[in-house]
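After this come two complexes, each holding chain A, first together with chain B and then together with chain C.
Let's look at the complex of A and B:
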């Protein structure tokens, strides 16, 4: 492993059964992401972009091959070890915000840290700081149903950062937003790469957003090729 | 493991559920369990009341804790004194027990249990005197009968139509062996009546003077010393001690367990069956909690997927759902226990049953703390276990599938 890579795929195979013939998404994928870089993956629907992201997030296991996160092989890690890895190294942002409706904005951001073992006070301090970073310091106590779509997605982004991950995995983070709000979220994500040295793996259909990253890759037939 | 975040989550989910779906299912579970705890506590308190009161009365009136039967059927004052000196021995009373026929000059007659006591038994055995309930004493000084006198159970006197001061005849077959049995009859004055509160005793017992009884109605095996102990459960140990100290054969001492085994076994079985029957409430409510929590897990599958995605170990989240079951169990145990104790208390202080119809001055209720604790723990366990089992789905949530489905 190169010291500057945060994510590596080695000979990854992944397919899905069912139907008359199984679908093969990846057969021997080799690819890596260097630290401090932002990469966008584009491609048609059904080519496996989200599956690629889920394997990077250790939410899905490859059928064969190995995925390394922060230099750690993940194939043989148990659920507890994977949870620790996700907490310490990964921040996930989805197309749908997945905010918990029972909790306020600051609670949504703070809880993953509190559950990970950070003290309550430290978790809430960090959450307030991040909610301010995404420009919603006046919305701390609001519940998801009291926020706009763009605000929810910014809170979801703050939640992804609460445990200070090295690698941010974002799946269509602006897919549900209007142009103005989409731009604000894009700026935030790219700013994290440029100013804080985070790495970003972005899956998107939005070519304009993709082109703002350091590299655009197209996923086609199980392979990643420069756009 | 820091449980505070889990408590926070559980509390918020419960609050949200109350807000959006009402408190129907948890409240129903809580009420169901509380009713179970209330019923078990109240029923067992009354059963204990009957059982323990009856056992105590039985020990004091009839069987005593230990019996020593002299082989020759004669009183042994030295032995009596020696036994009385042993630790834990409260009273040693010479007595006889046999069967007789009581009849009146007007033609009333009835078969009875004939017990013989000496007049100073009142001083020797306060427990017996207290439980006997000497009701009315018209002849001589209050207490046990002098020679020529007899005490009748109050119901027996009523049945025979006699009052203190009347004469009755006692007839019994006595003799050293079956082939030598001969009828003996004595004319005795009714000194008074007694009322124990137990119909079988009040209608079937006659107490005569010990000397009259020994001389006229008893064989050698009918005479024994009734031994009362401070701790009724120390019967076997005390019997061993008495046999050792007095140099007698251990077989000469019999304990209340020997001659009441079947009866107390039946009481224990009755109580166990009652606990199982009423305890089924816990099972039924447990099933309700199980399905309610299972539904809650399904409703929160997106939340659970998210927690897994942000790095929370799914097993930890099981506790969030089990905590609701635990909270319901604790609430029901507290409420049910409080109401059960209140009900048990009110049974004793309210005249719920007619004393004439049921021959009871009041419904006896006796609360045993270990049983109350056991019932409360069973309640908490059943609801927590049901919720814990239902929350197994937390660890089987297909995270990627759920996230993709959005």
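Let's look at the complex of A and C:
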């Protein structure tokens, strides 16, 4: 493992369906993401972009091979260890905001910090800081249903950063937003990633958005190739 | 920290402005638990009240706390023995008084054609006036509680109703005494001075109280010896200690037995009935817990998305499980508080409720004399006793059942695979 990589795929195999026509998405994928870089993965629907991201997020296990997050092999980690890894090393942003409806904006942001065992006050302070950073300091106590789509996604971004993870994984983070809000969220995501020195793995269909990252890779036939 | 988070997640699900599904769970589950707890509280409170009422009446008016039987002489001098016993027992903490009594059986004939087997109790006529316990329960329903004439007796009110006699009427008592191998019958005419009641018809239809001087002529002292009833002022659970002190004080010339021995079968019967009723009512609570489990399964289903988000963010299985157990605990606590309060209210108003039901059903029944409970088998009014230990145990049991009922759905939620749910979202 290189000292400067935050994510590595070694000989990863992944397929779906064990019946007569199994779908093989990856058969021996080798790829790594260097620290501090932002990479966008584009490709046709069904090529396995989201599956790649989910394996990186440890939400899905490869059929064979190894995924290393922050240098840690994940294949043999149990659910508890994976939970710890997710809270400490990864920030997830999905196409849908996935905020908890019972919690206010600042509480939603603080939640992963609480899950990581950070003290209430420290988590709260950090969450307030991040909510301010995404420009929603006047929406701290608002619940998700009181926020616009763009605002919710900005809160989701803040939540992804609350534990100060090395790697941000974003799956179509602006896919549900109109052009104006999408642009604002893209600006914010890329700015935060660059300013805070994070690594970003972005999965998107939006080529314009993808081109704003350090590198664009196309996923095709289970391989990642420069666009 | 994680425990705090489980509480926060679980409790927030109840009270958040958007937590409608969980609020519904709380409402339905706590009501189910409350409805299950109400009959248990009512039954236990009434059973305890009944047992307490019947026990205290029986002990104060019939069994005494301790009965003393002379081993040395079958018919010791009553006055002298009474004085000696009082002097000896006075030093024992809780001792109140000691009274002589002779019991026998007689067939009674009333003025009409009524006849009835009676337990004849020869007593000191001053007993119901001077002994606080007897004075509390043994009341004259009509006539006067005195035995002015040598053949004046007091008759249980239910027995009097059966014999068709009232105060002032004469009553014939057929008794027998042994003479050699023969049983010689004897008829004695007595005058009913009072109709008495202890408020428990089971006892009121059994008794005839007569002066001890009279019963000594009716019954052979060798077959129906006089015994002494010792009364005390102490909690009933302290009876063994009191009995032990009495035995130590009197030595081997007296045989002492407590109400726990003389009324053993009766009290065991009460306790067994109470336990049986409690088990039946606990089954109702169990059904309520099953309802909680079902409602929790629904809630877990409704909150799959939230569960998946939490797991994706790094929540452990334990935290997810804990969150739903907090929901179950909340339902249990709310249900117990509501059920306990409602159960106590129903128990306190049970006499009014029974009367109301009697009146309502009576409107639609021939003669209008419907009785939900036959007073012959109960006290005149249904007593209620709230035992804090029983109430706390029932409430805690109810909370525990709600938590246990939530365990399986909570475990299922914890094993949820977040990705499948997030994909569908």
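By our rule, the second predicted complex is superposed on the first by the 224 of 227 C-alpha atoms of A that agree within 3 Å, B and C clash if a C-alpha of one lies under 4 Å from a C-alpha of the other, contacts with A are read in each partner's own complex, and residues count from 1 in each chain.
Please note the rule applied: a residue touches a chain if its C-beta (ideal position, glycine included) is under 8 Å from a C-beta of that chain, and two chains touch if they have at least 3 such contacts.
Remember, predicted model here, so these are calculated numbers, not experimental data.
Enquirer: Which term applies to chain B and chain C once both are placed on chain A by superposition, clash or fit?
Expert: After superposition on chain A, chain B vs chain C: clash.
Enquirer: Looking at the overlay, does A:222 come into contact with chain B only (first), chain C only (second), both, or neither?
Expert: Once the two structures are laid over each other on A, A:222 reaches no partner at all.
Enquirer: Under the stated touch criterion, which partner chain does A:48 make contact with: chain B (first), chain C (second), both, or neither?
Expert: Neither partner.
Enquirer: Contact-wise, after the overlay, does A:145 reach chain B, chain C, both or neither (first, second, both, neither)?
Expert: second
Enquirer: Touching A:96 in the superposition: chain B (first), chain C (second), both, neither?
Expert: Both chain B and chain C are touched by A:96.
Enquirer: Of the partners chain B and chain C, which touch A:112 in the superposed model: first, second, both, neither?
Expert: It touches chain B and chain C both.
Enquirer: Examine A:79 and indicate which partner it touches, taking first as chain B and second as chain C; both and neither are also allowed.
Expert: Both partners.
Enquirer: Shared contact residues on chain A for chain B and chain C?
Expert: In chain A, positions 54, 57, 59-60, 79-80, 83-84, 86-88, 92, 94, 96, 98, 100-103, 111-112, 114-117, 120, 159 sit in both the chain B and chain C interfaces.
Enquirer: In the complex formed with chain C, which residues of chain A make contact?
Expert: Going through chain A, the ones touching chain C are 54, 57, 59-60, 79-80, 83-84, 86-88, 92, 94, 96, 98-103, 111-112, 114-120, 143-145, 159.
Enquirer: With touch defined as at the start, can you tell me which chain C residues reach chain A in the complex?
Expert: 1-2, 4-5, 8, 12-13, 16-19, 305-306, 309-317, 319, 418-419, 422, 425
Enquirer: Could you list, by residue number, the parts of chain A that touch chain B in their complex?
Expert: Interface residues on chain A, with respect to chain B: 50-51, 54, 57, 59-60, 79-80, 83-88, 90, 92, 94-96, 98, 100-103, 111-112, 114-117, 120, 159-160, 163.
Enquirer: Can you name the residues of chain B that touch chain A in the complex?
Expert: Against chain A, chain B makes touches at 2, 4-5, 8-9, 12-13, 15-16, 302-303, 305-316, 395, 399-400, 403-404, 406.
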